[in-house]
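Both complexes below contain chain A, partnered by chain B and then by chain C.
== the complex of A and B ==
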């Protein structure tokens, strides 16, 4: 797949440009390269093909996910020049590392072999460990980076043990062979059970599911905001794509289904309840990302159920993660604007006075928050609605009922943030939005509303 | 090459499983219980290497080179991971004092 080669070369080119050229040229080159990558993926849309002897399989599912991830990265790069305006050195490395991480995401969404699962997972993660510590002289950033590294390596080692155990059963890393084996000897096989369990733990860590969520609030808060945006959007998409490919190959045997259902319940509960008490906006977004992971896991859990209305689990995952990423990017850019207006404070109150100073941004922020909460007319509502339909089709009625309850609970904390935007500030504050940031926020809002009215725009 | 495979096959496969689970268990326990970050990184390496041992044994048993290729990739990734991890540790050491994990409580859990 030439797109995978292009994106790796693009990262190296950006590193060289960082040595010799002005930093103003970095983001445009990155964006043009990413558009090229997207065009290369687009040409493969009608001809699904395998690569590296069948280890990678670029079918419609992976191409759609890769296009989504690349598009979100373009939005993040558009935010880059403003974010790195006052940073003089090592800007190129940050763009390049994001691209390398994205390459891992491409592999993770296309693997058809457990070796590639492991490689994609690590290529996605290792640049992120560095990026989380990108603020070199901030203790908070270094600490977030170390925590992410220790917990991430631990989870990947567990996943590797799972891969080895699965290999011991079939004598092959190929997913198709694993699927055949499971069709033959499904239930009650201890080695199979432990192998699957370890692999699922590794992936659940990456998507931030409870009880493997401890790193999420810390790492999201400590990392530079641009990197947090990348983690919450692109990395989440990649991790769920990888998760789905595993589930699609193995199916959902009874023991795995029980584990997954427990994961869903715990994730929904902890994510939403803990979010209620957060005052720091970044921590709030971290817990909100945990709760969204709960809904996405519910969609995965419904794999294999009867799916009416042209819904598929893969399509729902794509729609949900893509719209969630759009809202996340818009909200984090808004957060940076508000943070600058309030001398670096991060609590929810920094949004006060936004409506009076800049009504358009406040309206966009309101739409993005409502989409996060899942209010009708926004894409977030359609996404949650599809997940619940899938869960009903698969017969997970009680879990779905709990999900609806938690979605209602979730509306509260998003509305609390929206309320701050429309509260007048104690002292007049000026919100300065660069033209490019204004454009990205508007694009995200337009995307959310458009997909809310015509959800069929993003399907497999 | 054949000698190596037969030499590996002299020991029953179950023994390799037990040894590698033991090593893996030591790694997990160390990573969870020890407070010194350097020792935690060593324990993570131990976990990866226990998987390597298991894969090499399985590879000889199945007569399949795929697992050996996987071992090379794991060693590569482990090297990359440790490089990044030690760099992060040095960075942290510059910003804070010492390598005791209990000091890292600015970000509450």
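== the complex of A and C ==
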């Protein structure tokens, strides 16, 4: 699979460029390379193909996810030059590590073999441990890195144990074999139950589901904002793609469904309730990402239900994660702009005066927040509604009713941020938006509104 | 084409205001002109009304979940469109005499809200309905949050969450029904054909009704309303009470009757009593108010309770009466809140303690107020009289005790309105400098009073719109067990 090779080479090239060239060309090279990767993926759209003896399977689902992840990474790279302007050293490493992590994401969205699942999971995670600590002299950043690393390794270990248990039953890492085995001796097999459970725990950790969410707020807050953006968007997409491939292969047996339902309930509850009390914007976004993980898990939980009119779980996950990532990127860039205007403060009040200083950015911010909240005419509404339809189709009425209630709480905290944008600031603040940042925010907003009106643009 | 114009005129005008940020006078002029244009379009639709439901557009948008671009209107929808079209120029015009905040911003928000409200009344697809239903909330939310009175933040947020809760419950019900409907279409016609078992209808009724009950509001889902109406700037209160509350009434007719006939029948008595008790309760509280605006807020709740009760009577009298009354009530609320604003302008507060003894100094004002109070207590010849009569008839056919409650309600309404009138104007003369109604205020109130008497004398203007559709509605519903 040439795209996978290209992206790895691209990372190495960036590392070398970092040694010899000015940092100004890093992002452009990275973006051009990513566009090349996307083009390579695109050529494979109509020809689903397996690779490495069937260990990776690039079907439409994985290609669509990979295209989405690469596109979001391009947006993040567009923001890069401005973000790294004042940083002299190790810039190339950060770009390269993001690309390596992305390569892990590609594997995670395409695996057809439990070994590849673990490999993708680790390739995705290990660069992130480094990236979270990218601000070497910041205590918070180092703390985030350490915390993420310790908890993350623990989760990987559990997952590996799950993979081993499953292997002990089927004698193969192949997902198809696993599916066959489960069809044969599905219910009541304790080893199988535990094996699946541990694999799910590993994935649930990565998506930030409660009770495996404790790293999320600290890591999101402590990491450099650009890395937080990457984690909240691309990594989330990759993790859910990986999750879906597992569920698609195993189906949703009763015991797993119960576990998942509990995960959904806990995630929705904790994510939304905790977000209500946050004053730090990055922490708020961390909890909001937990709550979105809850909705996405609800979509996963509905796998195998009787969906009407061709709604698929995979398509819904793609749409939801992609639009959520768009909104996240736009909001974090806006956050950086506001943070700079307020001498590095990170509380929600930094958005005050945005409307009076820069109406366009405020309107974009409003649209992005409304999309996060799931208000109609934005893509966020469509995404949530699809999840609700899926859940009803699968008969999870009560879980979904709870989700609706939690969505209501969600609207509150997003709206409160939006309100800050339209409140006049105590002292006049100037928000300086580089032209590129302005462009990215506008692109994200346009994407959100466009997908809100024509959701069929992003489908499998 | 006309419907598209109804959506686009306010949207474009609002956007111009938002982008160009003209001076206050220009902003108001532009907003007012645009509402006059929409009024003209609405009257044109009314003039060309033939009595059949009109479908303007019907094509797929997102087939996967039944979202279709279905636009059109029946007589009931047209009545609501007329209501919005007729009242909006007055709402905008209120800004001339009783301005709030940045004129271009306020008017832009009001116009966006108008577009969403037109949308609500012209769509024939449930998901589209929900989209407009929620979108209409956003401009109002910002209007209240920015230019509300005391405790605006807490009250606005409560209002927003309350309505949104209803909205989400509605969304849940729509999603559920869509999956049961033939072809997974969310068009009202398709939803009506969905065969939902009685056991499901029983609970689905509440998840649907919740949205409309909160919007109107009906007891016991009303606790957001008095605070919000009192705190909101006059124009915001007008939109909320005169038009947005009617979305609830419209929703009952558009959703509950066709989609959940058996569930509605099952809960009929309970809901009617709930509405009537709420109406009585609001009337009693209104009587005890020391604040003029709060009194009007409670009176609005009382009237809406009666209208909702009439809608659930399941006979032509009750439903036509309730629908007809939406129009009368809208006009009445605009008048009353404008008068509250006038008094506030003159004495600087809404409390009755600061008013009274002004009748000789504000003679023309007193006269106009009297005529409006006449409408509020449904004197014959005013617009409210035929509506109250029909609603009363509808209740009587169903249950004499309910009709009795209706009578008590009418009496209580007269009591608190006249008592309010007394406290505002009558009493021993006070020697304070106070201005009578000026030209602008005459320009505002006299046309409304003319409407009151015009429709009062010729109620068929509005009733003819709803007669056919109501018969159609009643015929379409299968005979009940």
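By our rule, the second predicted complex is superposed on the first by the 460 of 460 C-alpha atoms of A that agree within 3 Å, B and C clash if a C-alpha of one lies under 4 Å from a C-alpha of the other, contacts with A are read in each partner's own complex, and residues count from 1 in each chain.
The working rule: contacts are C-beta pairs under 8 Å (C-beta built on N, C-alpha and C of every residue); 3 or more make two chains touch, one makes a residue touch a chain.
All values derive from a computational prediction rather than experimental measurement.
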With everything superposed onto chain A, say whether chain B and chain C fit together or clash. fit
Now for A:408: first (chain B), second (chain C), both, or neither, which partner does it touch? second
Between the centres of chain B and chain C, viewed from chain A's Cα centre, what angle do you get? Round it to the nearest 10 degrees, please. 140
Quick one: name whichever of chain B and chain C touches more residues of chain A. B
By the touch definition at the top of the document, which applies to A:311: first (chain B), second (chain C), both, or neither? second
Where does A:455 make contact in the superposed view: on chain B (first), on chain C (second), on both, or on neither? second
Partner chain in contact with A:428 - chain B first, chain C second, else both or neither: neither
Quick one: smallest Cα-Cα gap between chain B and chain C in the superposed arrangement, Å? 29
Jot down the residues of chain A that show up as touching in both complexes, chain B in one and chain C in the other. none
Touching residues of chain A toward chain C in the complex: what are they? 308-311, 370, 375-377, 381-382, 385-386, 388-389, 392-393, 397, 400-401, 404-405, 407-408, 411-412, 415-416, 419, 422, 455-456
The answer for chain C against chain A in the complex is residues 62-66, 127, 130-132, 134-135, 138, 141-142, 145-146, 157, 160-161, 164-165, 168-169, 171-172, 175-176, 178-179, 184
As the complex stands, chain B meets chain A at residues 17, 24, 27, 31, 37, 40-41, 44, 47-48, 50-51, 54-55, 58, 62, 64, 66-67, 69-70, 73-74, 77, 80-81, 84-85, 87-89, 91-92, 95-96, 104, 106-107, 109
Which residues of chain A touch chain B in their complex? 115, 118-119, 122, 126, 129-130, 133, 136-140, 142-147, 149-150, 153-154, 157-158, 160-161, 163-164, 167-168, 171-173, 214, 217-218, 221-222
